[in-house]
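So, here's a batch of structures to check.
Below, chain A partners chain B and then partners chain C, in two separate complexes.
Our next item is the complex of A and B:
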């Protein structure tokens, strides 16, 4: 019983530690510019959240909303498509025997070790050669790649999709592609959610790629947009309030995604771990 | 804060990319040189230029130009401020051959682009060369690098420095407004005795220290056309460093990190009484310390000896034309208009608090009025005067990002009691020379 109390105390401390910045952000977002420096940072002054949000979404013809939509398009689109690609690739590596399979898998795995940051500049030079820098695709296409997802999909496909089932599907005359989408992908679902979430977070947080690729403000994801504003605070101090409110709004999609999908995520993680 | 780590990351990325640029600058754009030298219109038909700037509201200024110049349309691109990533992007784009036609570059970054051969000499354009006299001499020197004819950009704004002070607190405690640095140090003791700090020493933003050095006559870099010399520890700089080290050691100045809410709060709660800052600082105080409205005034910077008239500069930028632009003539025309036209200067001042680099600009109606936050004092007259007192011969080095990062590490250590400002500068001196060498920039030791 004693140890339980100890554990709860540690967990409680961790929770406070992790939630405090979010609390600060929320409280800060409800203040106007004067109160932001003048009042206690961890407690409310007058409640201006609605005014602040209205100011944010109307500032510069609502460019913030555009950034949010961009982020959702980059992140949601890339995570969805990237998950499908990773699942297909991992599945093929797990279920089909062909020459060079292990070599291919090892090459993909080594991709896990290369940080996205290191690839940003070479990617920029490649996209510039193709005349596609500063376009939607310059951020979207590189974001589709997810070697860790391939790894996870392979492990999970090997564990959860029985050979006998595939044999049965083939005997019943189902093509390989059809089998994958109607049978195998369903069995792999918990792993797919995990891959999706990982991918979602990775793309959302990949700040350097859009920073290097994009110079058209209308293509910015919200992270880059807010960062841009934040660097202009010295010149236009009113932007500080907008950055705070914007940061609060920009974390909501991530929070929502996690709350909705965390059940699957835990399952998927556990399954990946035992293998 | 996240911004700091990103900046650090970018600073570490800048070195290899600069190197890439240096290697490639010989094999590209040899064709554009000829047309730049002649500075003739590139085509009879309409052209579209791209212009990258992080000035908030710059689109509204460009709109005015676009309406008047159907044949030279300018498209605005944006990004974070220069050291926040846009300079790195410029270098990448120069390397990839898709740099914008025009870009905003601060004075302290201009030499690095010049060294990498990334800029078009707009001085070759007759009307740009003739406009030289419209600018406050030191701002022109920042873009000409002392060259009689050349100009690798058009000066945009300036950051002449002065002393912001709390008139009410000084009066209440019977302290005279310091006119020399000796008086300032003496006042610091009295202010401390009264429970405040005379100012906050900017520990991580080396630009303020650079401005103070500029005033004192310290000259960090020089270029004789062949070699660079680095002098972060000349006598004048040491004098400034020792002066502030003394105030820090005696705990007469506070040392909270600049540009944080903590820092704003030091002013808002009347704990910091003065700030030696640039003209744009007027707005920083007004927004960061709203509770102190009406109580601030502005006086000229304290001097090193009584009766002198010398000011420092902190900040300021130029509009440059990048190598590889297909329309250097048109780009130069836009840059010139943007930074000399009274309507454009008024808009830039209104939207982004830019303080003009032209003599005529310092007397804009908006800059001749009393400012309520400063008790209706006509504070911009002080800065207009200060701008004419900035020495014209201060040169920035070609690797300021690295120099700032190095010095800032040492400064942070110094304010927390480890080492001194002079030691920090000595270390920055050594590492700056190292950085120059690693980028194959000739340097004399």
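Our next item is the complex of A and C:
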């Protein structure tokens, strides 16, 4: 009994540590600038959230909304397409015997250990040479590549797609590619959601690539946009309120998506880690 | 016959992997072997082959090695603390002593949804002497001072990643069949004993995986220090290796920045590979 009380106390303290900063951000986003500095930080003053959001989305012709849309396009698009590509490659590595298979797998696996930030600078130089550095594609295309996704897809495909089923599909005259999209990918679906989530977070968090690549603020993802505002807070104090509200709005969709998709995290992570 | 489909599966990823992974690595190596030369003070600038000149500069660059030392100190302290907390929380969740497991699992995991830049901005405000809800604490202790700011950033990284690592370890624990514990319990082993002698060895692969990712993440530290430069003058433009790469490329000195990138990537690769090898050998011996 005593140990249960102790354990629950630890859980409670940890909950405060993990959630209090988010609570603080939410409360802060509901205040105007005077209240932000003048009232108790962890509790509401007058509720200005709607006004604050209106100010944020109209500031400088709604550049914040544009950043949000950019983030969704970079991250959602790259993760969706990248997951399909990684799944196909991992599936082939698991289900076919072909020359160079092990070599290919080892090269891709080494790719997992190469830090993505080491690629940002040479990518910038290459894209500059091609005259394409400050474009949407300069951030989008490199974000498609996810070697860890290939690694996971290979494990999942080996575990969840039975050989007999593929043989049966072949006897029925279904082509290999069609079998992948109609049968195998369905069996791998929970795993694919996990790969998608991993990829999504990796692109969403990649800061160096857009920082080096982009100079036109209309192409910024929301993280880079809020970062540039935050660097100007000392000169333009009213930006502080916008940074707080913007931070809250920028994390809300991801937090909600995480909570909804949480069971995929658990299942998928288990399969990846037990290997 | 059926192998005819293999290129269709492999080529799309393979082509992008070559274009945006292998080519940039090669290009960085090539760039790092060149240097910019100017004939006379105002003469035209041209790129000439410089051999290992840039690497010589890298190895003589004091701030760069200081920044590597800094992230090494960060990693040696922060990674074990973060993974230790993650492991303890996972074991507690798995112990059967916790009511409301689902809630706690979610609550601890939520910070992982917050990008490093945003987390750093939030904590920057929380640390600030006059805006923080912990004013009595931040008034007395300057978390943004030169002595403490590295550990203040360690706290930000820990806050974001504990829940994620906990979930990886917890998932591995759930995958262990409960019969494994039954026998030990019959023999009279307590919770603590079961955790130490049975559960931890069984989830070791998960811990190895999280350690490798943490090592890679630590050496790449960029978003947090870059954001903290707005909050603290103690964070210089060469505070971490990646900040050095960034500030060198904005001078711009791309050849030297490429050499920094190559050295950093190689260091990361060798360290994580060596760690994987060492742990694999140990588990093979057992």
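As a working rule, the second predicted complex is superposed on the first by the 265 of 275 C-alpha atoms of A that agree within 3 Å, B and C clash if a C-alpha of one lies under 4 Å from a C-alpha of the other, contacts with A are read in each partner's own complex, and residues count from 1 in each chain.
Following the convention adopted for this analysis, a contact is a pair of C-beta atoms (placed from the backbone, for glycine too) under 8 Å apart; a residue touches a chain by one contact, two chains touch by 3 or more.
Owing to the predicted nature of the structure, the values given are computational and were not obtained by experimental measurement.
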| Fit or clash - chain C, chain B, common chain A | clash
| task | Scan A:124 for contacts with chain B and chain C and give back first, second, both or neither. | result | both
| A:175 contacts which: chain B (first), chain C (second), both, neither? | second
| query | Who does A:33 touch here: chain B (first), chain C (second), both, or neither? | reply | first
| message | Applying the document's definition of touch, where does A:237 land relative to chain B and chain C: first, second, both, or neither? | response | first
| When the two structures are overlaid on chain A, which partner does A:41 contact: first (chain B), second (chain C), both, or neither? | both
| message | Per the contact definition in the header, classify A:207: touching chain B only (first), chain C only (second), both, or neither. | response | both
| message | Applying the document's definition of touch, where does A:216 land relative to chain B and chain C: first, second, both, or neither? | response | first
| field | Contacts of A:228 with chain B and chain C, given as first, second, both or neither | value | first
| query | Residues of chain A touched: more by chain B or chain C? | reply | C
| Of the stretches 171-179, 189-197 or 225-233, which one in chain C hits chain B? | 225-233
| Taking the contacts chain A makes with chain B in one complex and with chain C in the other, which residues are shared? | 36-37, 41, 117, 121, 124-125, 207-208, 211-212, 224, 227, 230-231, 233-234
| query | How about chain C: which of its residues touch chain A in the complex? | reply | 2-6, 8-10, 12-14, 16-17, 19-21, 23-25, 27-28, 31, 89, 92, 95, 97-99, 104-118, 121-126, 130-133, 159, 162-163, 167-172, 174-175, 191, 203, 205-206, 209, 212, 216, 219-220, 222-223, 226-227, 229-230, 242, 245-246, 249, 254, 257-258, 261-262, 264-265, 268-269, 272-273
| Interface residues, chain A side, partner chain B - complex | 33-34, 36-38, 41, 117, 121, 124-125, 128-129, 133-134, 207-208, 211-212, 214-217, 224, 227-228, 230-239
| How about chain B: which of its residues touch chain A in the complex? | 2-3, 6, 9, 13, 17, 52, 54-56, 77-81, 84-85, 88-89, 92-93, 95-98, 100, 259, 261, 264-265, 268, 280, 283-284, 286-291, 352-353
| task | Name, in rising order, each residue of chain A that touches chain C in their complex. | result | 3-4, 7-8, 10-11, 14-15, 17-22, 24-25, 28, 36-37, 40-42, 85-86, 88-89, 91-93, 96-98, 104, 108, 110-111, 113-119, 121-126, 141-142, 144-145, 147, 150, 170, 175-177, 180, 201, 204-205, 207-208, 211-212, 223-224, 226-227, 230-231, 233-234, 243-244, 247, 250-251, 254-255, 257-259, 262, 265-267, 269-270, 272-275
